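Take a look at the structures below.
Each of the two complexes below includes chain A, the first together with chain B, the second together with chain C.
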Partner chain A sequence: MLKYSIKRLLESLVTVLIIVVAVFLLMRLMPVEGYFGDEYAKLTQEMINRKLESLGLFDPPLVQLGNFLGDIFTGNLGVSTRIQIDVPVTTILAQKVPVSAAFGVVSTFISLILGIALGVTQARFKGKFMDSLGTGYIIIINSVPPLVYYFFIQVFVSDWFNLPMRYDGDNPVSWILPLISMSLGSIAGNALWVRRYMVDELNKDYIKLARAKGLPYKYIMYRHVLRNAFVPMVQYLPVSFLMTIGGSLLIEELYAIPGMGNLLVQAVQKQDNNLVQVLILIYSTVGIIGVFIGDLLMMVIDPRIKIGSKGGAR
Partner chain B sequence: MDEKKVQLTDQELFSFVEFDRRKSEDTGYSDYSYWRSVLRSFAKNKFAVTLLVIMVLLVVFAFFANATARFGIEDLNRNDKLVSPNATFWFGTDSIGRDMWARTWYATTISLEIASIVTFVCVIIGIVIGCIWGYVRATDRFFTEVYNIIANIPQTVYLILLTYIMEPGMSTLIISMCTTSWLALARNVRNLVFMIRDREYNLASRCLGTPLYRMIVKNLIPYLVSVIILRMALMIPQVISLEVTLSYLGLGLPSTMPSLGALLSQGRTKFQDYPHLLIFPALIVSIITISFYLAGNAFSDASDPRNHV
Partner chain C sequence: MEERKPILSAKDIEITFSMRGRYLKAIRKCSLDLYEGETLAIVGESGSGKSVFTKSFIGMLDNNGSITGGSIMFEGVDIAKYTKESDWLKIRGKKIAMVFQDPMTSLNPLKTIGEQIREVIELHQGIKGEESKKMAIEMLEKVGITDPANRYKQYPHEFSGGMRQRVVIAIAAACFPKILICDEPTTALDVTIQAQILDLIRNLQKEMGMTVIYITHDLGVVANVADRVAVMYAGELVEVGTAEDIFYDARHPYTWALLSSLPQLGEKGQPLPTIEGTPPNLYNDIVGDAFAPRNKHALRIDFIENPPYFEVSPTHKAKTWLLDPRAPKCEAPKVIQQLRSKMKGR
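So, the complex of A and B:
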């Protein structure tokens, strides 16, 4: 397993490198006007050149790439060039990541607990009223564009319960609505998975045996069914927790939460090359590591699963 | 059957029978037709059929309503700004006096057009790439790498680059949505192909030297029909949602071409005082996406031969 882990990590390194280089090259294809914004038309050619030179854009792309990668390897993430001029990227991240991560982690916990509870209830009362109710919820959440029900929550629910419509760091009551909006989607996702796996699992022979032995239904549900149904979900847990640092774009925008959500979009729009590159580097590394941890976790939890070996013909 | 076997004497069992051409062609008669069975089991699901009818009516009506609109989508009614729905303006007017009835239905057709084109393109790319990815082992590493790379580059980068190369407009939006939306389907198809590629019938087929193209079209794709239909039906709501999100971020269509997403994001600012700006687009988008989702699920169940009686 150690050998497999090392091999896989080295492969991931190459993938991350390719992603960063691809983004780097794409950003260099962007129009020059993008570096200036509205004042572009008023500037003289000389001023434009001076600015571009100060951004280091006249160096050959390979030199720029080399500089960027060299800085990264020495732990220097550089400065933002357009969003918050000359502020180190680490400072920006230190401001924004905790906010997004806090919201994300709490909402991931909420959606795990409620999602599993809903899924278990649905599987237990399969075909009954509770099941249809849950299915209705899942269908609506999965098909209606998130923006529509985010609006709905922000405008109506805030009115009904007299909750603030904007985020305020010092007022915990204002955190409720964003958290609810953030969790709704993943509750539906988790419930869908749990229900499906539990229904699959309930039809298996060992469950029949357990029932024949006379074990109580609740015991079978929690000790056998839920545990086995949980295995495939474990794989996604690390990614969903780690990716919370990225924040939620729409919700942070709607509630004016100073998080990571729209940083990447803004950085791309304003062509803050260094910031974009660093963000992509972080997101892709975190994403790939998350999947890797998920695979390892799955192997630990369920010893039957072996990912490293090639396995049989099928 | 068993009784007959017992009654046969050794002589009957081991003597040569004369060749009878008619008997050699003799098989049990079956009037099983795949698509007819699909339709029959779909028709049994009354709820899904109702939704499908609603959806079709809505879509037809959207195109038809464009013709009935009394005002153009860009006509300004300067004296009638932010009017609530009434006899003249059936869905009211927006903040500069444009008729929401015309705009909403026009936006519906635009969103549907985008969704269906993107879905169609992505399904084709997804199936072709997914089949090759799953079936040809040598390409697995390559496509996995491509998948990782494309999935990790944010869509905003493509969108801005494309709007730089081309005019901002529908085709730009469609192309940029296509660059990422096929990934999930391709991966899904790949995993399924992985599961069935070494089943005995495929092994036999390969031993007989069946060419790659025929393997994919005749041996693999029929297995995937129900999954593909499900994905297709789910993709339309997803594309509409994506378009709504992109429009909200200001990365969507130019303002002369309102889509449902653009209407929703415009309606938001004045929503509390003028709910009609948001409710009609939201209602229409919800009806369309929910019906697609449910009807698609039902149709996918119906297209799985295991559910045919």
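So, the complex of A and C:
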């Protein structure tokens, strides 16, 4: 088990390293304007070269790569050049990440709890009214473009319950609508998977034996079916939690939430090279960490997975 | 024969499945007495209703199936009338337990063997904690698992097929059931393990005084274990008798056909005998004897009227017009008459 964990950790590190190099190489292909602010047009070639030299961009590529890696390890992520001129990237992130992550984590929790509850209910009453109701909800959420119900919630629901239409950091009531909007989709997603995995498990032979043992239906549902159905889902949980730092583009826009949502889009549009580079690195690294933790969780929860160690019986 | 009280008595059981608006009569008026301590084998080809019939004893018919007639008396109660799951939970696993065919998939892969045995003990006997753990380990030992204290902590994938079937049997026997139903318990196992499992069930039966029902289409198993045999065809019990009656004095043409298909009776160089045709479609109403179209010895009346049971001896009855006094004399096929000597010669 330890051996497998270490192996997976090393694999993850290598993947991250490959991404770092790939991002580094791609960024060298970008137009150099991205390293300047709005003053670029007014600068002479000499001034441009002086700035680029001070950034180390004329060094041989390998030296540049070395410096880049060194900077990352010392936590020096550079400054933003176009979005918030000369503000360190870390400062920008420190402002925005907590807002997005707070919304994201709370919404992920809500949608896990409600989604699982819905999925379990659907599986328990498979083919009955509750199941159809849940399926109806899932179909609507998945087929209607999110913007439609986001707008609906912002315009009408806010009116009905007299809730604010704009985010206000100091007023918790204004957090309700964005949270609901954010959760609706993932509730449907979770419910769909929970129901699907539970129905899969329900048809297995060991459930037949569990019933023949005289175990009550509810007990079988929660202690056998749900537990086993949860295993394939566990793998994706860490990723979905960690990825919340990226924020939600549409919802943060609609409610004017100062989160990460549109930062990457803006940075790309405005060619803020350094910011793009850092954001891509962070998102991909976080993704890899999430998958890594997911694999470890799987291993803890499913006794059949013991890759790389003694290699279980049979 | 000694006078014995039936422990379970099914009378005129009818089981119907509804399939998209159509009705399938899977069991058509089956009556069967099960005597305390005996071993009964139910044989018949696939789809004849063996499993469905016995599943109705513990209320485990699929959702679209139900008992639509008859009664099952068990401990003075007609359990065929049970509709609520909570009624069945008083019997299922506790007084009547079941072992299924495929041990590879019968256990929850994510729970330890110990947990899965303990579950039943705690639920049915109300014994908790260390005590139930001790009982589970004892149970493992009883079904012949070596080093039970360590095996207790292991998961199903760490057990072989035969070992898993032992565990399933331990689960079934953990609550000292009165009746143990074994639905093809050895079909998925290789031959050497088969004999061990049959021995195990036999020993447990003796030790715990259980009544055992085997569902099988392996007549070899039947000959090995059964006191009495019930032959099932198209949802009806066509012949019931002691093992001796069925093997050496069979009266129903279907039983003859089954026995003649025993590979052991085949002649070298000759193709093995088979039963021509297929069982009837149970969606349709069956007129006359269900086996008539495949029956080499069918009489004209077989196509018109369903035969009643004719008693051959107090322990032996068969459902064929051939036993009617008015019927022409019809001898069992030669191979069957020679069954005893043939089997001995082997």
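Methods note: the second predicted complex is superposed on the first by the 234 of 314 C-alpha atoms of A that agree within 3 Å, B and C clash if a C-alpha of one lies under 4 Å from a C-alpha of the other, contacts with A are read in each partner's own complex, and residues count from 1 in each chain.
In this text, a residue touches a chain if its C-beta (ideal position, glycine included) is under 8 Å from a C-beta of that chain, and two chains touch if they have at least 3 such contacts.
Note that this is a predicted model, so its numbers are computed, not measured.
Chemist: Quick one: name whichever of chain B and chain C touches more residues of chain A.
Modeler: Answer, by number of touched residues of chain A: B.
Chemist: State whether A:Lys128 touches chain B only (first), chain C only (second), both chains, or neither.
Modeler: After superposing on A, A:Lys128 lies clear of both chain B and chain C.
Chemist: First (chain B), second (chain C), both or neither: which does A:Arg211 touch?
Modeler: second
Chemist: Between chain B (first) and chain C (second), which does A:Arg50 come into contact with in this model arrangement: first, second, both, or neither?
Modeler: neither
Chemist: In the overlay, answer first, second, both or neither for which of chain B and chain C A:Pro303 touches.
Modeler: Only chain C is touched by A:Pro303; chain B is not.
Chemist: Under the stated touch criterion, which partner chain does A:Arg227 make contact with: chain B (first), chain C (second), both, or neither?
Modeler: In the superposed model, A:Arg227 contacts chain C only, not chain B.
Chemist: For A:Val144, is the partner it touches chain B (first), chain C (second), both, or none of the two (neither)?
Modeler: first
Chemist: Looking at the overlay, does A:Val23 come into contact with chain B only (first), chain C only (second), both, or neither?
Modeler: A:Val23: touches chain B, not chain C.
Chemist: Residue by residue on chain A, keep only those touching chain B in one complex and chain C in the other, then list them.
Modeler: In chain A, positions 313-314 sit in both the chain B and chain C interfaces.
Chemist: Please give the residue numbers of chain C that touch chain A in the complex, ascending.
Modeler: Spelled out, the residues of chain C in touch with chain A are 58, 60, 85, 88-89, 91-94, 97-98, 100, 102, 105-111, 119-120, 123-124, 155, 157-160, 168, 171-172.
Chemist: Once bound in the complex, which stretches of chain A touch chain C?
Modeler: Touching chain C from chain A are residues 204-206, 208-217, 219, 224, 227-228, 231, 301-304, 312-314.
Chemist: Within the complex, which stretch of chain A touches chain B?
Modeler: Residues 15, 18-19, 22-23, 26-27, 29-31, 34, 139-140, 142-148, 151-152, 155, 249-250, 253, 262, 264-265, 268-269, 276, 280, 283-284, 287-288, 313-314 of chain A touch chain B in their complex.
Chemist: Would you mind writing out the residues of chain B in touch with chain A in their complex?
Modeler: Listed in rising order, the residues of chain B that touch chain A are 145, 148-149, 152-154, 156-157, 160-161, 164, 195, 198-199, 234, 237, 240-241, 244-245, 248-249, 251, 261, 264-265, 268, 271-272, 278, 282, 285-286, 289-290, 292-294.
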